[in-house]
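For reference, the structure discussed in these notes is given below.
Chains: A, B, C and D, in written order; residue numbering restarts at 1 for each.
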Amino acid sequence: MSDNRLNNEQLNKRIPPWETKITEIKKDEIRIHGYRVDELMGNKSFGDMVFLMLKGELPSINEGKMMDIMLVSCIDHGVTPPSALAALTSASTGAPYNGALAAGILSINEHHGGAIENSMRMLMELQVILDKSKDSGRNFSEAVKLLITRYKDLNRKLPGFGHRIHKNDPRTAKLIDFAHEYDLADTWVRLLTGLNEGVQKSVGKELPINVDGAIAALLLELGIAPELANSFFIMARVPGLVVHIHEEKTLQKPMRRIDPVNHIYTGEAARGIEDYS
Amino acid sequence: MSDNRLNNEQLNKRIPPWETKITEIKKDEIRIHGYRVDELMGNKSFGDMVFLMLKGELPSINEGKMMDIMLVSCIDHGVTPPSALAALTSASTGAPYNGALAAGILSINEHHGGAIENSMRMLMELQVILDKSKDSGRNFSEAVKLLITRYKDLNRKLPGFGHRIHKNDPRTAKLIDFAHEYDLADTWVRLLTGLNEGVQKSVGKELPINVDGAIAALLLELGIAPELANSFFIMARVPGLVVHIHEEKTLQKPMRRIDPVNHIYTGEAARGIEDYS
Amino acid sequence: MSDNRLNNEQLNKRIPPWETKITEIKKDEIRIHGYRVDELMGNKSFGDMVFLMLKGELPSINEGKMMDIMLVSCIDHGVTPPSALAALTSASTGAPYNGALAAGILSINEHHGGAIENSMRMLMELQVILDKSKDSGRNFSEAVKLLITRYKDLNRKLPGFGHRIHKNDPRTAKLIDFAHEYDLADTWVRLLTGLNEGVQKSVGKELPINVDGAIAALLLELGIAPELANSFFIMARVPGLVVHIHEEKTLQKPMRRIDPVNHIYTGEAARGIEDYS
Amino acid sequence: MSDNRLNNEQLNKRIPPWETKITEIKKDEIRIHGYRVDELMGNKSFGDMVFLMLKGELPSINEGKMMDIMLVSCIDHGVTPPSALAALTSASTGAPYNGALAAGILSINEHHGGAIENSMRMLMELQVILDKSKDSGRNFSEAVKLLITRYKDLNRKLPGFGHRIHKNDPRTAKLIDFAHEYDLADTWVRLLTGLNEGVQKSVGKELPINVDGAIAALLLELGIAPELANSFFIMARVPGLVVHIHEEKTLQKPMRRIDPVNHIYTGEAARGIEDYS
């Protein structure tokens, strides 16, 4: 009979513990990046907290508000995104909520949700081109052309532009307006809007900034690393996925065939927030 | 060669579309339960939106604040919960962020996170006992005893009480304080605190309400269905899981052996929010 | 700064190791339920090994063959099962193979794949009814009627009967034929076929045994626990899911809308094994 | 109220069905790559079927045997691989079998299981170096040196060599022996063993071929695409993961802390296949 149990010597060797810098748990005390969670509760919004988690520091008031607004903007987009369809398909077979949710999250990748990260990297590439352009006398418009050519040559779509449903995504303008209002529209928003003009000229047709593009610029303004962008989108979308799963489990027949397009909205009629109070 | 393509007759049969009541997507217009998402952005917090998603209606100001606070309270609990350990284990093999996150979410079940739902059902059971007690003259204390006996007979722990680390979980008191401050502490908070007293007497030792128990009572106060409780916890915990995955991927060696206990916090020293500004 | 590192005393407390009874790993030696894996290789088929894993003992020659045949019977059923559709949906967004596969596996539950377990439990229930019928003089036909009535009263379909595509599933007859050939058709196959006759009479129309029903009876003949049935189905189906994911990733456009029905098979024409050599 | 239902014109546009080349489903007929599944059952082993799924053609007798042996070789490796630990962690919280299995599969990536694909790519790179060496007069030994230098320069370990537990993995020799016996050891096995000698000389210490390396060479011999290697490993490992999940769910306490090393094997004592009959 073999025995993998560790003797004291082996255990001593293991004593060097592994390190974490995020949350400190002591008896009756929980601190996130040094702040007591019970002090954060009621003082900081969930948007503030997402900023704190991603950056290790609390946001300014405006940064926190911007974060919350970005989360709200992505909370749901109906039943047709692949993440919703995969979650519904799983739920329809009788999966528990977290199983169906995992199936949904596993469908948020490069081609759905992932445009945010790609868009961030594209903006960073444009910035590099601009930095290198200083000596050569290349102007902004020429830098944009160079970037567009690179993407064309690689047969890649420009991430952050265009949408299969929306022409002027209502979320985009709102996000950029708030960025200006909150004094957060600096380098990256300028690059994005400048790029947009270049794209219109170059492509010859309207190819407006989509919500992914706007969020890409804003995450860069807030100093978030591009590799966290997809996860940021997931944080925002989980509530949406959960309620679609709930609807499937409570209102639909098991194992139905889920057509990816042919559905109808039968919920609340259009209303304004002012209608509520 | 077989052909599953549908002819017109078959396609016509399919025309009845399936229904959804959550989000309406039209060209350049996104409405969640009737409200334009671009109007919600900046007007409503992420906590408000989670309430809207789960209930179909916007919360009152206090309900929205309570929701946000509950989300903040659960955002992270360090590296030792099974959801964090499963996510780290997956990340350590080179999983992408959403893959490791899915592994974490698949580890939030009855015995971790699930106590919220069980605690909600326990409070509902106590309510039923009380309703039935009106005629029989059974008082509150006797009803609590009956409930405790039932759980003992089934060899079940009382969900929502006790914690493997905390004795007086700092989140619990804060949540209940806010419930009172926001005028949201009614039937269910009363049942929970009453049950708590009964438990102390019956068990003979301190077995304080934990954060799951407090959230259970508050979700009931807000009218959320128990089957959504686990998903609510997941919504709150995703940012925590994401940053633990990020830390693993950026600071640790691949395929390391992850001891579930023997770690050390080496992040920011203790600080107060007032230190920040 | 808090420190969760364990001191020697604490580590000693942990020395009691946890137990596993499946596989023993020593330097240069791997034993599964006591057998050296390198001795098993070439001597035992994958079907034999699945039996060994599930039961802890090697199968007889016939049991091993039966296992392998059952695995083959379930290896794929085209693109329309929910598990395939969820896997394709995930793959279509750019998921890695294991991510898309996980989405597929998360869609194998009570209503897809799960019929095997339910069918096993139904046959066990019929056995209990028969055992109790000995004294009361209830005969087989009456016992079957009682079972059918119970399911009707609960508004449940009889698991293991009927299929949304096949009337006489070609896999069912083959499985039962092999069970007879291999001398493995005893109590449970008898119950299943007896039940089938009762069902036809009671329902008034043909409602033939499906592949789930046949596998349910055979897993019972082999002494496999019902709670392992869904996992058994997954073991068999993984290769099918993988190649559908591969096809999606290599031949289809990203983010396409995947109609759950309207597809066409364009692969190899019908051929027989004898055509191959 | 918006209406996404499709009218006939739109439905007609959709009539072009999507294509699949794997499995053809007709009423009472299931054909995999042209072969009737009920004809395959009993005639072809699960290993044969995996080959058929991955390649689109039935294997020769020896290719099918080799496939089955490779599947057997990877079926389990005890409780310490990250895939097992993640699956156990998930199971320990009360996950259903398929949820815990998905968590395990999500932990099979580049650094665990993924060495097979990397090893295949390394062997292909060596082949390219050799092809280019014909003109330059570079011999095999120099080509190997060049490859090793490249990996050193990139600070990458040579995939397919070395193991954290085994020095002479018993599976490796057996796999290569069978490859010779079955006349399947050609280019790639020769490259692997040649590389092995070069590695020993260059590294100065024994760094033997591990099971990943052997399977890499054999998958190449069988003409399997490298991007399918990780999935092949998963096909083989699913039964192992399932029974570890079963053990956790049936024998261990919920929410226990799972030490990644400190366990003990308490199953069947060592025995030989000849002991069984």
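Going forward, a contact is a pair of C-beta atoms (placed from the backbone, for glycine too) under 8 Å apart; a residue touches a chain by one contact, two chains touch by 3 or more.
Please read all numbers here as calculations on a predicted model, not as lab measurements.
Pairs A-D and B-D differ in how many C-beta pairs touch across them, and the larger number is found at B-D.
In a homomeric contact, the two copies may use the same or different surfaces; for chain B and chain C, over half of the interface residue numbers are shared, pointing to the same surface.
With every chain reduced to the mean of its CA atoms, the largest distance from chain B is reached by D. The distance from the centre of chain A to the centre of chain B, with each centre set as the mean of the Cα atoms, comes to 21 Å.
As a whole-number value, the distance joining the C-alpha centres of chain A and chain D reads 33 Å. Inter-chain spacing, taken between the CA centroids of chain B and chain D, is 38 Å.
Annotation for chain B: residues 1-6, 14-15, 17, 24-25, 80, 96, 98-99, 102, 106, 108-109, 258-259, 261-266, 269 touch two or more other chains. Residue ranges on chain A touching chain B, taken from their complex, read 14-15, 17-25, 27-47, 49-50, 53-54, 56-58, 65, 68-69, 71-73, 75-80, 96-99, 101-102, 105-106, 108-109, 165-171, 173-175, 178, 227-228, 230-231, 234-235, 238-240, 242-247, 251-252, 256, 258-259, 262-273, 276. Interface residues of chain D, counted against chain B in their complex, comprise 1-6, 8, 11-12, 14-17, 24-26, 80, 82-83, 85-86, 89-90, 92-95, 99-100, 102-103, 106-114, 164, 254-255, 257-261.
Chain A makes touch with chain D in their complex at residues 1-6, 96, 98-99, 102, 261-266, 269.
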